Structure formats: C-alpha cells, structure tokens
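Same chain, two partners: chain A is paired with chain B first, then with chain C.
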Partner chain A sequence: MSDLIQLFVNGLALGSVYALAAIGFVIVYSATGVVNFASGQFVMFGTFAGVSMLLDAGLPWAVGYLAVFVVMAVFGAGFFACLYLPLRKSPVATMIIGTVAIGILMQNVALLAFGSWPFRLPSPLDGLSVHMFGAVISAHALMVVAVTALLVGLLWFLLHRTPVGIGMRAVAQDMRAARLMGLEVNRLLALSWILAALLAGLAGLLLGPMWFADVNMGDPIALKAFAASIIGGFGSLPGAIAGGIFVGLTEVLGASYISSAYKDLIAFGIMILFLLVRPQGLFGERIQDRG
Partner chain B sequence: MKLLQACGVTKVYGGLQALTDVDLTVMPGESVAVIGPNGAGKSTFLNVLTGLTPPTTGRVLFDGTDVTKLATHKRVRLGIGRTFQHGRLFSRMSVLENVMTAAETCRRGGDGAPRETAMRVLERMGLAAQAAEAVGSLSYGQRRMVEMCRVLAGKPRVLLLDEPAAGLNSGEVEQLVERLAALREEHSVAVVLIEHNMGMVMRFAERILVLNFGSTIAEGTPEEIQSDPAVLTAYLGEGYSHADL
Partner chain C sequence: MSMTRQAFLAAAFGAVLAFPVLPAAAQSGGPILIGATVPITGPLSLTGKQYYNSLKMAEEDINAAGGISGRKISIAFEDTQASNSTAVNAFVKLAQETKPAFFFLSSYSTQNLAVSPEVAKVGVPAVYAGGADVVSAAGNPWMFRIRPADSVAARAMVLCAQTVLKVSKPGIIYIQNDFGQGGANVAVKQFEAAGIKPVGVEAYGQNDKDFSAQMLSLRSKGADVILLFNYPQDGAMLLRQAKMLGLKMPVITSSAALVPAAMQLLTPADLDNVWGVVDAFIDPSVGPRMKDFMTRYKAKFGVDADPYGLAYYDAALLVAEGMRKAGLEPKALRDWIAVTKDWPGIGHTFSYDAHGNGIFDLAIVKAKPGTKTLQLVQHVSVK
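So, the complex of A and B:
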C-alpha cells in the first residue's frame, strides 16, 4: 500500500510536468493552428536555462528561476517573430517543418554548449521528504503537483476572467472576427507563444530534478505531451491536463507493476487505442472550422 | 462633415477585377444600401472599408483622415464596425464574453468596465437573460442579434452590415429595422448595408449604391433606383421599364 501511494504521487508529479508541456502545446495549437514539433525542446531549453542560471551562474533560487522565466518569455517572443510571423501564410506543412528544424537546431546547440553528459538540476526542496500513510514521498514531487495545480487555476482565471485571456480565446476561434472586435491579433498570438514557452520553462525546471538534464530529453517529453493531448482531446485544455496526468500515472505505475521496459509501450498503446476508438479524446469537441 | 469616404477603390485578384473605381460617401446618421447580384463585389467592398482586404488602388477616409493603410483593429477602435454575412460569433464563448471582446478594446475615457458595457448593450437589445448562455445554444435569430450587440459594444460611428436580415423571419427583420433606426436617431450612427431583402432595403435606405461586376452602375434614392434602366438590365435582363424590386 505504501508503495502504491509513493508511486501514485510520483506518477502525479511526472504527469503534472507532461500536463504543463501539453498545455503549452495546446495553447499554441488552438491560437495559431501550429502543431509545434519543437515543444519538447522548449522543455529541454527550460531545464538547461535552469542549469545555466542555478549551477553555472550560481544564482540564488528566486533570482535564478526568475531569470529562466525571462529567458523563456524572450525565447517565446523570438520564436513567434522569427518562425511564426514569416511563415504564417505558408502551407501548414512548411510551418511544421519549420518547428522541426528549430527543434533540431536547439538540440544540437545544447549539445555543443553543454556536451552529452547529463546534469542534475537541483531543486529547492532537495533532500526533504514527507511521510504520508507509511510512504516516503519526496517534497519536490509534492511541490510539482501543487505548483501545477496553482498554475492551472491561474491559467483558467487568465483565459476566462481577464480581457486579455478572453481576447486570446477569441483570436483562437476566429482571427478575422477578432480583428473586427478591435483586438490586436498579432500581439495576442505573440502572447500565446510566450505563454507556451513559459509553461515549457516551468515544466523544464520541475522536471530537471526528477530526471537528469540531458540534451536528448526533449523528444520523449514531446511524444508524451502529444500522447497526452490525444488522450485528453486535441486542442482541449482540460484534456491536456487529464491526459498528461493519465500518461504520467500510466508510465510510473506500469513501469513498476507490469514492466519497466514496456512503460512507453503502455502509454502509447493507450494513445493508439484512443485514436481507434475515441479519436476526439476524453474532452474532445466537435471539430470546428477555423475562420 | 463626411464620416466615411471611399475614393476610386479598385481591387484586383490576379486577373479578376473584383472592384473597379468604386466611390462612396457616407454622412453621419445616414443609411446607405449596397446592392447588386451575387459576386458583384459587395462583400469585398466592405472588406476594403474595414481593412481586411487592402485595395489595389484607391483610398478610404474616415472622419477626414486617410485610413487606407491603417490596420483593421485600429479602424475598429476609431469607430468602424462590421458584421459578417455568415455570423462569425466566437462559438465556444458565452454571449457576454462575445460582447465583452469589443467592449474592452473599444473602451474610451469615461466608459465603465467592459462587463458592464456589454451587459448594457445586451439589455438594450433584449438579450440580457441569455448573457451567460453558450452562443451555440441560441436560435439563429438570437445569434444574429448577439453579433449586432457585439459590434455595438465597440461604439461604432458607422456600422457596416453584411446581409443582416438573411435567415431572419419577417418579425425579426422588423425588429432589426426598428433598432437600427433608433441607433441612427439617438447616436447618429451611420449604416451601410448589404442586403438582398429588397423590402428592407427600400424601406430603410436613404440612398442606394448598385454594383455589378465590381463597378457602380447606379446610385440614388430608392425611387430612382427602382426605375433605373441599368439596374433593371442587371437584375432582370433587357426590356423592362419598371420593376417592383
């Protein structure tokens, strides 16, 4: 029983990170229609920005984290300006290949800069643990879950209660109509990219202490976030959260109760099952035309 | 003082001449209808006025300023409002949220919070009870009305309406005409209307612009237009002298 609780919390923590990555992925997809194949590298970038700020520069926690978010926001804005804006009128495939190209570039720049040895990104709660129902749970895992829950709440508030968020949703649904409501579409699209990059950065900072910071970590995360979006319902925010947590739990519980060699097979097998039986996912909506 | 002015607007798509040298002047509080057969360039013309489509040549002036190069959202904030032929509401948002989008961006000094502005517009148009509902659950007529609320929340000085009566029953058309008339009277909002419902056009418009194949073939009062030979030819073919359009 104590094992199960421990695994459950670890799965929840890993799932929260997948959920953050998937939310960033979904925000960009629903606002701009771009399937961002570099989204895993965004998370890797967040982790390595953390390595630079906390390990290399030795900044204190608060300053280091803040610096990572500033870097991620600038990166998101840059991605919007250098990739999305020039390619926005090109065919979808061109845009997708553009994101793939940037992803490969990022991975290799990271390899040049940091080498192939993995790092261990520290957590402010390193070494602390909580005893719960006879299980020993790392404080970092609990923090990951709490931070993600808080962030999801904030994100909901942003999208449903603030004019900027309502504007972002309007842009995601119909850009022309949004322009005619006086909305500055480009500014709101840039915000979507910035928000996605910030979420990825946070995911990277939270994931770093759980995994090793490895320049090849982006691809598995992207695949998991993608699986999470499919299981939850492509384009749906609650779906991204539920899907992310589902994939995280499946991975951790599957690895320990079924087979650690097949943990990915289980997660992706379920994704394929969803594609076959319920392609709209858990929270899927009817496909709508975008204007 | 001229409110909205289009001077020699021409739009070419590849080899297709969608608009050729179209002029239009709208005074504050005036109501103008743009009519013409399908494909005459009416919607393209509205797109040029709002900046969704840049003209190949020609200029658009609003309140004496050249806005030809101004981005759509800035024109909207100046006071050019537009609705679409096929309602384009934000279908995954509530009625109130739809109306709030414009209320926020077009906020001017002295306006209340966007939520209150949006509620006021909904009340005036008789939709306050549906404020929290999802747009998808409304009837077609109500949805068109939400679109109208949404554009009104931006406090337009000129309203460009693309077939506002399409799909409405006669009672709803009646309501729409009354509300538009009230807007013109109370706030001297000018209305430019594309419409195929000739009953509504003849009753509502003070002036009519007739387009055919992207060119102006006639402009005048409803009476003049009904007996204009070029209009009759375009609509009915050769050989008619008067038609009850």
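So, the complex of A and C:
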C-alpha cells in the first residue's frame, strides 16, 4: 500500500509538470493556431532563468521567482514580436519550422551560456518530506501538485471571469469577429504568448529541483506535453490537465505494475490509440470543426 | 584565349586526377593532422567536453615535448552531437577533407558501430571509448578500445557485490541502450554462474526523470543490493531518488554517476552506502603523473578531470609514441598499437588483445563518510 501511495504521488507530481507544459502548449494553439514546438525549450529557459536568479545571482526566493517571471514575460513578448508577428500570415508549416528553429537556437544559446554540465536548482522545501502510510513523499512533489491545482483554478478564473480572458477566448474562436468587435487582437495575442511563457517559467521552476537543470531537458518535456495534449484533447485546457496527469501516472504506474522497459511504449501507445479512435482526445473539439 | 565550359571541366578533372589524394601523414612540412570526432554539443557533450579538453591538453603536451620526430601535431575536431548519422558525417568529412593520420572516435558505442565500416574503408587506425562488446566483436582491425569493455565493467560490479559486499539478492537497474542492456545482461549471467539469481531487472529510458517505480519494485522483491548501469546525470538522479525514497540497501553504480559532472549534483548524504566501480581512480595519491594531470587539467579548464577524459589523454600519448616508433604509415601504426603490451598510461596499463581491447582493470571506490571525496577500496582486474 505504501508503495502504491508513493508511486501515485510521484506520478501525480510528474503529471502536474507535464500538465503545466501542456497548458502552455494549448493556450498558444487555441489563441493563435500555432503548434509551438519550442514549448519544451520555454520550460528549459524557465529553469535556467531560475538558475541565473537563484544560484548565480543568489537572490532571495521571492525576489528570484519574481525576477524569473519578469524574464519569462519579456521572453514571451519577444517571441510574439520577433517570430509570431512576422510569420503570422505565412503558411502553417513556415510557422512550425520557425518554432522548431527558435527551439534549437534557444537550446544552443543555453549551451553557450551555461555549458553542458547540469545544475541542481534548489527548492524552498529542500530536504523536507512527509511520511504518509509508510510512504516518504517529498514536500516539493506535494507543492508541485498543489501549485498546479491552484494555477489551474486561477487560469480558469482568468479565462472565464475577466474581460482580458474572455477577450483571449474570443480571439481564439474567431479573430476577425473579435477585431470587428473592437478587441485589441494583437495585444490579446501577445498576452497569450506571455501567459504561455509564464506557465513554462513556473513549470521550469517546479521541475528544476525534481530533475536537474540541463540544456537538453526541453525535448522530453515537449514530447510528453504533446502526448498529454493529444490524449486530453488538442486545444482543451481541462484536456491538457487530464492528459498531463494521465501521462505522468501511466509512466510511473505502468513502469511499476506492467514493465519498466515498455513504459514509454504504454504512454505513447495510448496516444496513438487516441489518434486512431478519438482524435479529438478526451475533452477536445472535433478536429474537423476548427476553421 | 577562350575556353569552352566542357574544356574547362575536362582540364579541371584532369588536374584533380593528376594529383592523387595523399594522406596528410605522407605530406611533409606541416603539422601531422589527427582527427577527433567527439560530441561537443547536444546531450552527450556532458562527457564529450572532457574528451575535447583532454585531447587539446594532450596536443599541447606532445608538441611541447618536441612533437613527433620534430613535427608538431594538430588535432582537427568534428562534432558528433548525439546522432549516429552526424558521427558518420563528421568522420567522413575529416577523412575526405583533412585526411588525418589517426582518428579519435567518440565514447558512444552506437556511434562507434555506425562509423566502423567507414574506418575500415579509409584504412587509418582509430581509438574509441564506447564500451559495448559488439564493437570489438565486429573485428574491425583498425579500431582499438581505450576504456574497459562493458562486459569487463559489469563483471567488476558483480565482483564488488560478491566479494566486497557479500550480498545474495541483487537487483539491477539499467539505462535502455546498448551500454545499459549489455551490462545488465552480462551481470545477470555472471550472477547466475555464481548460483545467484537476481531478484529483479528494471530498465529506464535515457530521458526518464522518475525512477521510483524501478527502485520500489526491487525493494518489494527483497533486493539486498542494487546495481546501476547509468549515464552521469541519470546516475546522479537515481542516487538522489534512492535516498528520497528511503532505500536502505547498498547501491553499486557504474563509472558515470561518479564523474565530476554528476558528483557536483550530489550531496554527501546521497553518496552514503554507495559503491562505485569506476574506470580509473582519479586521485593525487595514485602517483605524481596523475597528480600533475589533475592539477593542470583543473587549472586549464576550471573543472575536475574524469576517467573518460583521462582515457583520451592517455590514448593520445600512446599514439604519439606509436608514431615516433612505427611512423605515420597507417598499417605500421596499426600494427604497433595491436601488439602494445603493458604500456603505462596514467589511468591504466594498456595491453591490446586480438579484438582491440586494451583495458581490463577498474577501481572500486566509496565516498569517505560525510564527504564527497572518493576513496579507493580496491583495484579489480577482469580478464
């Protein structure tokens, strides 16, 4: 029983991080129709912003975290201005290649700036653990789950109860209609990118202490976030959350109870099954309905 | 005078044919060119940077000592990244453009396997550091290994479990690639030959970050020791998570988890009850040559040397000696390396067998309690 609890919490923590990355993925896709293949590198940037602020600059926790969010917001705005705006009228393939190229660029900039050695990003809860029915759960893992849950609530509030969020959803549904209604479409699109970057920054800060910060950490995250988005439903916020947690739990429980050698096969096999049988995922819109 | 395009192309083609491609080794005057295809960027650069640094240092040292019969050496690097095709392209590019007299290949077995046919085609000797036995089993006469083969390392880990820890219910966790799977298979066979059946064998992917399922599974099966076949970063993460999960049994890790890049991620507590079977014991107490190498490496690159980098440094000195004694003709140089016995490197004594394997000794180490300083437990020789 204690092992099951341990595995469940670890899977939940892992899934929460995937969910955060997937939400960033989904927000950008919903608002702009762009599949951001640099999303994993966004998370990596968030982790390394944390390394710069907390390890290199030695800032106190609150100031360091705030500085990371400022950096990520500026980065999101820069991404919008330098990549999305110039390419927004280009074919989708051009935009996708653009995000891939920027992702590679980000990875190599990080390699040049930080080198190939990984870093151990600290957590405010380092060394603390909770004993629960014989299981030893790290306090940081519990914090990850709690912060993700809180964030999902705040995000829902932002998107459904604030004029900015409602505007973002309006732009996502029909950009031309939103413009005709007098909404500042570019500002709202920029906000989507900033929001995605902020979420990636938070995912990076939460992830750093669980994994190590290294310049190659982005690709596996993007892959799992992509799988989570497919399973949950591309473009769906609840789907990204459910998908992320599903992938995290499948990885950990599948490795324990089925086979550690085939655990990725299980997760990606389920993703392929969804693509074949229910391509809109658990919560997604029917793909052919999107304009 | 005008010239048609066809005439120009014919003249150019004729000119190319008139000057046959000469290996750089045969060219006189300039430096002796040596090729090195190692991972300088990408996920494998964590260890690849050590090879790069060590080879740069060896180049300087060999030239400072008078070079090869008065000629300096120059190492041309190409990046293999983390891809077999990139490794092949890097090798072919050097072979065609630089035409080196000798090659250093990467330490990743799949890259070594991918490049092996090209090495045979070019017919220039090369050293590699990939551990997979299948590389040497392929029987490429031009390739020589400069680290212990994976089967040698796995057998040393089993010896550590049997003779040092005297345990009887081993569990194994391995990274899912040629190194991990090969090592785990050898370890299982070695245990079974001694009448011990491992209680469980668990795998993980190269990009995995959570190992709780594998470790808890072995704990629930009653493992009294865990053998880890890992790379540096995941090795550090495994050791850390073992402590977070409260595992009490000893852990025997392969070399990678105890290289400086991984050690800087660990605390002394993470290393408690951890035993390492490492390629070479890097410590000033080994002798003045080791002390000198460690000191100069740290001063030059700002990081500590690891056993993999040392293997490349030693190999460079070995090859330099071969060039001085046998000359630059590829076959003569190859033959000299092939019969090398008891050549005293800093980290190892090199003695090549018929399959191009030259290293058969490792070191069992353990951190001094409460510190991250590794201490030698014993040397292990596996023939």
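By our rule, the second predicted complex is superposed on the first by the 284 of 291 C-alpha atoms of A that agree within 3 Å, B and C clash if a C-alpha of one lies under 4 Å from a C-alpha of the other, contacts with A are read in each partner's own complex, and residues count from 1 in each chain.
In the analysis below, a contact is a pair of C-beta atoms (placed from the backbone, for glycine too) under 8 Å apart; a residue touches a chain by one contact, two chains touch by 3 or more.
The structure presented is a predicted model; accordingly, all values stated were derived computationally and were not measured.
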Joint occupancy of chain A by chain B and chain C, clash or fit: fit
Which of chain B and chain C A:L183 touches, first, second, both or neither: first
Which superposed partner A:W117 touches (first chain B, second chain C, both, neither): second
First, second, both or neither for A:E251, with chain B first and chain C second: second
Per-residue contact with chain A, leading partner among chain C and chain B: C
From chain A, separation angle of chain B and chain C (C-alpha centres, steps of 10 degrees): 140
Which of chain B and chain C A:Q6 touches, first, second, both or neither: second
First (chain B), second (chain C), both or neither touched by A:P220: second
Chain C versus chain B - closest C-alpha approach in the superposed model, Å: 38
Interface residues, chain C side, partner chain A - complex: 41-43, 45-46, 48-49, 176, 202-205, 207-210, 212-214, 216-217, 219-220, 233, 236-237, 244-246, 261, 264-265, 303
Contact set on chain A toward chain C in their complex: 3, 6-7, 10-11, 14, 108, 111, 115-120, 129, 136, 138, 210-212, 214, 216, 219-220, 223, 251-256, 260-261, 263-264
Interface residues, chain A side, partner chain B - complex: 163, 166-167, 169-170, 173-174, 176-185, 285, 288, 291
Residue ranges of chain B in contact with chain A within the complex: 50, 52, 71-73, 76-77, 81-82, 84, 88-93, 97-98, 100-102, 104-106, 114, 150-151, 154
